[in-house]
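Provided herewith is a single structure, encoded as structure tokens, for subsequent inquiry.
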Amino acid sequence: MMIVMKEGATAEQIDSVVERVKSVGAKAHVSKGELVTVIGAIGDREHVANLGLEGYPGVDHLVPILKPYKLASAQYKRGERTVVEIDGRKLGGNYFATIAGPCTVESREVMLETARVVRDSGAQMLRGGAYKPRTSPYSFQGLGDAGLPLLAEAKEETGLPVVTELMDVRDLEPVLEVADVIQVGARNMQNYTLLTELGRAGRPVLLKRGLSSTIEELLMSAEYVLKEGNENVILCERGIRTFEPSYRFTLDLMAVPVLRELSHLPVVIDPSHATGRRDWVLPMSLAAAAAGADGIIVEIHPEPEQAICDGPQALRTDGFAEYVRQLEAAAQLAGKEFAQV
Amino acid sequence: MMIVMKEGATAEQIDSVVERVKSVGAKAHVSKGELVTVIGAIGDREHVANLGLEGYPGVDHLVPILKPYKLASAQYKRGERTVVEIDGRKLGGNYFATIAGPCTVESREVMLETARVVRDSGAQMLRGGAYKPRTSPYSFQGLGDAGLPLLAEAKEETGLPVVTELMDVRDLEPVLEVADVIQVGARNMQNYTLLTELGRAGRPVLLKRGLSSTIEELLMSAEYVLKEGNENVILCERGIRTFEPSYRFTLDLMAVPVLRELSHLPVVIDPSHATGRRDWVLPMSLAAAAAGADGIIVEIHPEPEQAICDGPQALRTDGFAEYVRQLEAAAQLAGKEFAQV
Amino acid sequence: MMIVMKEGATAEQIDSVVERVKSVGAKAHVSKGELVTVIGAIGDREHVANLGLEGYPGVDHLVPILKPYKLASAQYKRGERTVVEIDGRKLGGNYFATIAGPCTVESREVMLETARVVRDSGAQMLRGGAYKPRTSPYSFQGLGDAGLPLLAEAKEETGLPVVTELMDVRDLEPVLEVADVIQVGARNMQNYTLLTELGRAGRPVLLKRGLSSTIEELLMSAEYVLKEGNENVILCERGIRTFEPSYRFTLDLMAVPVLRELSHLPVVIDPSHATGRRDWVLPMSLAAAAAGADGIIVEIHPEPEQAICDGPQALRTDGFAEYVRQLEAAAQLAGKEFAQV
Amino acid sequence: MMIVMKEGATAEQIDSVVERVKSVGAKAHVSKGELVTVIGAIGDREHVANLGLEGYPGVDHLVPILKPYKLASAQYKRGERTVVEIDGRKLGGNYFATIAGPCTVESREVMLETARVVRDSGAQMLRGGAYKPRTSPYSFQGLGDAGLPLLAEAKEETGLPVVTELMDVRDLEPVLEVADVIQVGARNMQNYTLLTELGRAGRPVLLKRGLSSTIEELLMSAEYVLKEGNENVILCERGIRTFEPSYRFTLDLMAVPVLRELSHLPVVIDPSHATGRRDWVLPMSLAAAAAGADGIIVEIHPEPEQAICDGPQALRTDGFAEYVRQLEAAAQLAGKEFAQV
């Protein structure tokens, strides 16, 4: 931690800061410039992080030097990248994977029909939500427990690994019976209770970035999972909230190279929730793949007009094979390969 | 719902939209302007909300007409304002209340000493967290269950009602034993599981706005609680995330008059988390009261330099009585009174 | 314009709004729903836009129906796209162009050396700023008038069209002598005086989106130029300001499909200013091209370490030909072609 | 400037950074922590600011230590505050001033009638725009030169100093004939040409913060004026752009204590443009004054329904005296006094 003093801070104020630094067992390293004095506090990471010197007399501001995450950092694996592998499908490192399916599990027919298209189009995994977090208490909240057997049947028939969301720690057990990857929704990104339980459960986690969470906060939430010994965390950017009203969310593709520099964890993009509109899904998917994303999680539906939720953003199953082909061409531009089974 | 067609939308496209509106059991009301056609969809709120016409051929965009919340709306109580009353303290309507205490329950001494200052300074309620949501898994996470008896003792001794946070539905029972008001933190504002359980529990809820949640989303989260029959929801603005780096969060005081127009629920302001700095707490507290807020929830500590968390934002207990006096003067400017006990 | 009344608005309030609508010479079309009344105001666009009914008794909010821009809208050219053509180079429609050069014109040697690399690598235009808008009055402000002859010489030698920035209307004449495209910087996007003069000057304009300007505001600024009879406006997204601190700006690639839907004008992306870092320029360039952008404007320098400004974001001239090759492969994925000369 | 190296940066990379620091004539001060090395670069401010080490091999990020502004900083005047004094009215330091008038100069009658109310209500200065920056080229752009004599007449009759906006450097001379304070609009905050000319003109400047400009950028723009020898700059916060759609702009009142800490310059608040609605102007005005603002600039009109622009946000002249009384009570809470004439 560097403590930057105000111009004109007095010797007394500097001493007082130094004393505070020493009081938490850290070393203080004073560096006086012509105008400004900077004090480095070197010692235990958490102690130093909690110096509480903001607003102290003579203190201008504090600058953290160490990243607050460890296990999620690129340095932790010394440059090696995490590849999440499920039943032969690979995601991360040089491997790109497409995850597709309906927004919510609606019915046996739709689920099975969609799953077959996903498999036949060459995508790697199946998505579908039984529990749906909805802004309105009056909206359809998902089939709940009743949706899980339909996912299981689709998995059984197609052999595709299943990605599904968990909202409530009390539902962990039934979800573990069907999910190959457990999704944490954007609104739960900082539900630390849930993250800790998923860390203990050990199943791969797809962690969505909160609508206004920083990249550092996303990595800190991943750290909650990693800390419990679960190494398989997939980060997911799904659009952030900005001032722009002409579309739903701003898809932050800068997060792709930045996350790949800061962390060894794979990064996937969700173009469906970001755009909210079918015709914007393809360009943003190609952009994501070209930017170096490790995968895409996308919503498809045989008849989007009849979908119970988020129909306007679902690609049609008809045409999905061509979408996968184009997506893979864009991923190849970024040097990716695909683990087909 | 109004469906605004693109300039140059064809008659066929308009018919297709009308058909879609009718298919969900709503009436379509077509209004052709010189350049643009607008189609009103009138019918059941939820059906109309899920038309899924975004991105439809010829459709420019959709404009919702009805607010998505009902019970939280000002219209629902026909102009009457909700006053939350606890042991003679009142908050809402014309009543202003000050809620104060340490960020986290640290020790018996600090808790009791602070509680006495809160009572003696004329503030109305005591705050203190046993469970602390922390961005870092390595930070102090609160005393947990062990903190609750300390809150109970402080309440017993001072007679002050207690506001404390619940993070995990599995801790609801012990929290209900001590809390007069249960706080939902900003990061849990859209933890719908938690909101529903609190709606059922019936205890007053202080609901913090998410760091980047819209005012409408805050009211939708309140609706989750109200819908279960719990009428006592206190809304809390605690700073939103913006592009500005020179302070921690942007305290959105516009939320005060806007929420008071849209909803009958009381609105309190948390200047401590927004500013993150002691010397900015007073001006923002006065501003909040002058803007018409129904209360303030503020952090105080006998020795902020020794506080386990968020010391730099805690007011000193020494001087707190004067703070309350100034705050009440500002609230009086906005026409408020105080229910002292 | 639709005027949405509050739930429970009185008949008197509705009448008063209707009267106001008629007073500006527009027709009022009242549509009563079960809960809410909506009043359509149909008439002259500007009159209706200035009804001033926000906050009127009983009025909830106003919803504009017509887009505020006309000449910039896709409808204005009935689906045809503007292709800006300069000396055989084409940008817009199906044509993709790469514009490259140093951030600022520093010296004759750097300018000529860079220009030759731009030409030899197959890029279509040369960029370089003589006038530089700088946040700090103490920073290098560009060579000014002295930079223009160096641009002219580079153009003469390589035959490349030149893109350069104008900051002050009083410099228009000398800039017109060398510029094939005149750039308006992000901080001047709403400098209406400058836009109007450029509209009159008739030279193609590259208009950068303000750091926090909406897509609609960008199109309104383009409208200022178009209205004066200048049809050649190129829109440029260069990163917007968000809450994310881990990089300089958030490159808003959603703007690409959205602008291409709303407008006939070409859209180029500036990955250099958005990212601020050389190693993030390539992935974001590929992403932009794959998303369907009509071009890229990128900074290159023979020796970025010695560049007077923005060296860290400049690609090296060494390797630039390979960059152009990859970029064109990504643009081809999005269906683009290139007008080589 | 501190250069923070990545964890695991090699000795070679560190040497290379040190060499670069020395190459610009600065001293390098290397401080090796257990995990991370930090290199301090000490030397000429501008040289050090342009090291260009972002993205350099082994470099994690750069942290500027010195503020980029000097003349605008609180340190520059060693704690003394700038009081702008015009004809006996004072603004800044302990003095609070109310500036009021119509959005735009519309007609002789409205201008004079409003000016008399401003004077009779005890406000200190008169505002009114002859030149209006408008998002749309089709909107009323102000009376232009024809508006200036009307302002002059209102000044002559009431004795009130006049605040009016300048948009185009070419209009400086006529504006200097009537303006006591020259306003720079939010969209021109970074129009450096304009700022420099105003610095030279020497007349007091009211500088509005851009819609998404940081506080530091606002101070940098003030620095452009100060640098030319004009010491009378009044900073103005008028609402920033955020994700919240339920009102026009987010009024950033945190800017008040923060600017007063960082700078000696006075800070005024414009509640009219921020809120866009008459009934929200009073609460936000009181909040601004209670937060410690040095003044308010507010729009009033004898008949807002007939105003040519921004009627919904104008207070009625009828009732304005009571508004001033309440505002001054709030300012007194924050320790202010008033220089009545």
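By letter and in written order, the chains are A, B, C and D; residue numbering begins at 1 in each of them.
In this section, a residue touches a chain if its C-beta (ideal position, glycine included) is under 8 Å from a C-beta of that chain, and two chains touch if they have at least 3 such contacts.
Given the structure is predicted, the values throughout are model-derived calculations rather than measurements.
Of all chains, the one whose CA centroid is most distant from that of subunit B is C.
Between the interfaces A-D and A-B, more contacting C-beta pairs are found at A-B.
Look at where the CA atoms of subunit A average out and do the same for subunit B: the two points lie 26 Å apart. Separating the CA-averaged centres of subunit A and subunit C is a span of 31 Å. Note on chain placement: the centre of subunit A and the centre of subunit D lie 39 Å apart, centres being C-alpha means. In subunit B, 212, 241-243, 245, 279-280 are the positions where the chain touches two or more neighbouring chains simultaneously. Residues of subunit B touching subunit A in their complex: 20, 45-46, 49-50, 52-56, 68-69, 133-139, 141, 167-170, 187-188, 190-193, 196, 210-212, 217, 220, 223-224, 227, 241, 276-280, 304-305, 307-313.
Residues 2, 4, 6-8, 29, 31, 33-36, 38, 40, 42, 63, 65-67, 73, 75, 78, 212, 241-243, 245 of subunit B are the ones touching subunit C in the complex. Across the complex, subunit A meets subunit C through its residues 212, 214-216, 240, 242-247, 250-254, 256-258, 261-262, 274-275, 279-280, 283-284, 286-292, 326, 329-330, 333-334.
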